[in-house]
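For reference, the structures are reproduced in the following blocks.
Two complexes come next, and they have one chain in common, chain A, joined by chain B in the first and chain C in the second.
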Partner chain A sequence: MDRYAKQRAFGVLARAAAGLVVFVMAVVIGVTIFRGGRVLLADPSIVISPPGSRYALEGTGGFFHAVLGSALIVGPATVVSMVLALSTATYLQSDYSSERFSDAVNMFLNVLWATPPIVYGVFVLTIVIAVGARTSLFFGIIAISVFQYPIMTRYIDEALRSAPDTVRESTYGLGATRFETAKMTARAALPGIVAGIIMGFARGIGDAATVLFTAGRSTNMPNGLFEPATTLPVLIFDNSMSFNEEVRAHAYAASFVLIVVVLGLIVVSRLLAGRFAQYVPGGRHA
Partner chain B sequence: MNETPAIRTENLSVTYTGNEDVEAVKGVDITFPENQLTAIIGPSGCGKSTLLKSLNRLHEIQPNVEIEGDVLLGDASIYDTDDPAPEIRRRIGYVPQTPTPLPLSIYENVAYGVRLHGEYESSEELDGIVETYLKKVNLWDEVHDRLDTPAASLSTGQIQRLCLARSLAVEPEVLLCDEVTSALDPISAERVEETLVDLKDEYTFIMVTHSMNQARRLADDVVFLYLGEVVERGDVRSFFEDPTHERTKQFIGGHGAGADTGDGDDDPDDGAEKSPYGSADQRSSTPAK
Partner chain C sequence: MVESTDTSGLRRRLRIERLSELWLRLAGYFAIALFVLIVFTLVHRSLPLLSEYSVVQMLTSTDWDPSQNSFGFLPAIVGTVYVAVLSMLMGTPIALLTAIYIAEYAEGRTKTLVSSFIDVLAAIPSVIFGLVALVVVVPLVGNYLAPAVGSSATGLGILTVSLVMAIVVTPFMISLSVESLEALPDELRETSLGVGATKWETIRSVLLRAAGPGIFSAVLLGFGRVFGATIVPAMLIGGQTQIPDSLFATGQTLPTLIVSDFGELMSIPITQSALIFVGLMLVVVVWLFNFGAMVLQRRLRRRWQY
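Right, the complex of A and B next:
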């Protein structure tokens, strides 16, 4: 095979691979939007109606309990892990840590990232049992933030690392302290930090395994911090195994809501990143 | 050189202690006179930037650097002191080689250092400070109607003058400039040089450059550094017209000593190479709308 034939062969292969990925993605999103959209169009109120007393069996009422549960679990969890991730990532920069230490921590974080979320779920479940509590909103928050933490930290660490070193140098050169310089570096890395936080949120809101054992798989409205709750992914998991067609239809509708939320978040993160990038040297200009 | 020394080094050595020890600056004694511009010249990798950063303890932000000897600002050591390093850096400012806007507006870039040190009473006073220093670097007329826009939208030449204004606004006693024109196109470089000429009677500048002609145009005093040692120093006229050392003659003549032979222009090529933003400079060197 001559050089140009190799090149053409590789071109065909690369296009085929890309085409396959796009096709699969289009099918997944298309089917969800089509089937979920049909259910939602027939009765949009199921998103904002609380479940009826026979929800799990017959799909009476709606799945607002899961929408609210997702918001109440993933929102606070994102805030908690954001604070932890920002602090950790800042500490991993050269102003505070040696290169060897931050390499070691990063390897550890990569391992955590690769840990199956169900393991986090079981881990938190053992804590729940150990303290003699029951599964609840609160432990869902803990499980999701443990799950989000390594993801966000790695994203934020990369963003801080890629901030121009001269920003750090200039800020120190003006007589700033280490903390003031860290704040300035974070500003310079803001597009990446925002992207990392939103990625963490998106992963958190889409994950079922971590909350499966920890939040309680409730079919009622969440009632308090230490009461059982459920989230959209868990609802999808539970409903899709139902014998009742109505209940299974809700799974599609919930998938539709989830996908729209995640796509929306990605758009928002793009917009925000573009906005902050104006301030970053070499970034997009106004 | 009978002027009052603003800052001087005493047997100053800087060693990088990474994988193997590299002594970048070897026992240097230099006096930098007040309200003059001293240029430090020498080939790439001869310790110019390292020397410059050790003059305000900026090397301390990178790991594995050790220092011996002393630097005295006036009569007081900057190393053997109770003052924390930020206080030293406030008195001895630093402008990096790459024009670096802080991720803030034009106004906030100049105000940042002033805010850090709380050197103002009212917002009107701060407005006044910002205006004063933007005028000092001849930037006010170009930006006064868009102080709220991101500083990153300025051209690289404008950004470098903004960096000067930002550093001057803290009112340092000495200002260290690391090849401040090397990342600029010739026209922007000329504007920055004009600004430095305007300012050099009021401030003590220590400037690293590898452009011989720039040293000739701007400096009052020249220090020639080679492999971490001072080969020769003197006022600009005697340095260029009557150098005593053979190595200096070769370097000025443009051969040997691994010299950047870029005599006769401002080395725009070298500058372009060093710019981390590459061709983006070209794009942004025309003022944004």
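Right, the complex of A and C next:
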């Protein structure tokens, strides 16, 4: 094989690999949309009807408890970790901390970022046991915010870092305090920050391992902050192993809902990032 | 008059500045505090188990039966290693080739399209991969692959999990590798092509080497991800605590050990301690990998600098 044939062969190989990846993705999304869509078309009301008393066994009623649980757990968790992540990332900018300190914190953040979600689940559960409480919506929120925090911090830190230095220099030149400058920097980095927060939200809403032991895996409507709840991924996980046909069908319907939410979030993040680009110096004007 | 409002405005601004600094400082230390708290909690809760059984014996024993107070982690460790190695073997070449395609071959709209596909794939929750695998991969392995090599299997097992985990981590590795390939200056490509190298020779001897540190750490991070994956293995591995004797055998990984035993046995302190110890092991291994990736990246960067 001469070197030109090798070059051609490699080109074909690279294209084939990319084709394979795209094909696999089409299969995953296609199967989810198709099987979930079939169940939902037959009975769309299962998304918004509460579960019946024998839900876990026979799939009576719907899975609104999981939809509501996901919203009530991931929504507040995102707010909590957003505030924390934004503050940490701002602190890591050199105006507040020394280079060495922010390097050290970054190392810890990287390590937290790579920590398996199940470990966060176990960690929060040991806290639950230590304080003598029972698993509930509240601890689900804590687990998800701990899980989202390093993810969001990393995205936001990167966004702040890539904000142009001129913003910082000119605000300082006008006599602004560090906090005022940090606000302007954050504004200049807004597209990246928004994208980071939405990606964190998407990761949080799709994760099952952190809430599996902490939110309570309940099959009833969540009716209080300290009452057991469940989320869509946990419901999918539990239902997929059921022996009942109806219960398994609900898993596909729930994964349809979940995939639509995640895909929608990605689209929203792209749109918002484009919209907020008007605050970036030299960015597109809306 | 003007002067007095001005100074009060300044005072207010400085007060905000001081308060915000305090808050931001706290947030900065929060990252470290969280890390320390997790390590402390896991270690503290593992102590009851560690004080009663020897670590070496637990790590090498194959007998896992919490109700009989025997805690042998070997089957789960072997299962985890099998899954991690197999999925990296399947995932890495595909990820690398696709990354090269996106960074070096694709152009214009195709490039945007393929790379946003990859982003989407990376954002899909892993529980959905597990669910789709139940209707696609499990029958494929159970009805076609296993009989083809003359073994019988239900389709749930090590190979199925590895295949699906390869699919789950591939987009993650692709986007990290694309990033490090695209960070390379164009002069590298131009110089190499200019002295008469073919595109393949340029990629092999110049680009892969220059982007090597980034790609290596992408693979190591992917490895860490497979290692700590919970939901997909729990759905597809079959959940029998035994040392797998073939690729099609059912087994257990460290995270699935936690999932399958936490519910019923949470009330027994020693079992609880054993499962928290599993969490500690996961954390330590993943952190070692992370640390290794960092060191290796630094080393290779010095060696393969351009």
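Operating definition for what follows: the second predicted complex is superposed on the first by the 274 of 286 C-alpha atoms of A that agree within 3 Å, B and C clash if a C-alpha of one lies under 4 Å from a C-alpha of the other, contacts with A are read in each partner's own complex, and residues count from 1 in each chain.
Simple rule for what comes next: a contact is a pair of C-beta atoms (placed from the backbone, for glycine too) under 8 Å apart; a residue touches a chain by one contact, two chains touch by 3 or more.
Every value quoted in this text rests on a predicted model; they were computed, and no experiment measured them.
Colleague: Check the residue A:94 against both partner chains and state whether it touches chain B (first), chain C (second), both, or neither.
Modeller: Only chain B; A:94 stays clear of chain C.
Colleague: Could you look at A:229 and tell me whether it touches chain B, chain C, both or neither (first, second, both, neither)?
Modeller: Neither partner.
Colleague: Could you look at A:170 and tell me whether it touches chain B, chain C, both or neither (first, second, both, neither)?
Modeller: Only chain B; A:170 stays clear of chain C.
Colleague: Check the residue A:180 against both partner chains and state whether it touches chain B (first), chain C (second), both, or neither.
Modeller: Touch status of A:180: both partners.
Colleague: Check whether A:39 is in contact with chain B, with chain C, with both or with neither, and answer first, second, both or neither.
Modeller: neither
Colleague: Could you look at A:144 and tell me whether it touches chain B, chain C, both or neither (first, second, both, neither)?
Modeller: A:144 sits against neither chain B nor chain C.
Colleague: Kindly classify A:258 by the partners it touches after superposition: chain B alone (first), chain C alone (second), both, or neither?
Modeller: After superposing on A, A:258 lies in contact with chain C but is clear of chain B.
Colleague: Spot which of chain B and chain C makes contact with more residues of chain A, would you?
Modeller: C
Colleague: After the superposition on A, what does A:197 contact: first (chain B), second (chain C), both or neither?
Modeller: neither
Colleague: Do chain B and chain C land on any of the same chain A residues, and which?
Modeller: The overlap between the chain B and chain C interfaces on chain A comprises residues 177, 180.
Colleague: For the complex, which residues does chain B have touching chain A?
Modeller: 56, 58, 61-63, 84, 86-91, 93-105, 112-113, 116-117, 149-153, 159, 163, 166-167, 170, 176, 276-277, 280, 284, 288
Colleague: Sort out for me which residues of chain A touch chain C in the complex.
Modeller: Interface residues on the chain A side: 3-4, 6-7, 10-11, 13-18, 20-22, 24-25, 27-29, 31-32, 35, 84, 87-88, 90-92, 96-97, 101-102, 104-105, 107-112, 114-120, 122-123, 125-127, 129, 146, 149-150, 153, 177-180, 182, 199, 202-203, 205-209, 212-213, 233, 236-237, 240-241, 251-252, 255, 258-259, 262-263, 265-266.
Colleague: Help me check something: in the complex, which residues belonging to chain A touch chain B?
Modeller: 94-95, 98-99, 164, 166-177, 180, 184, 187-188, 190, 276, 278-283, 285-286
Colleague: Okay, in this complex, where on chain C does chain A touch?
Modeller: So the residues of chain C in touch with chain A come to 13-14, 16-17, 20-21, 23-28, 30-32, 34-35, 38, 41-42, 45, 93-94, 97-98, 100-102, 104-106, 114, 117-121, 123-132, 134-136, 167, 170-171, 174, 198-201, 203, 221, 224-225, 227-231, 234-235, 255, 258-259, 262, 266, 272, 275-276, 279, 282-283, 286-287, 289-291, 294.
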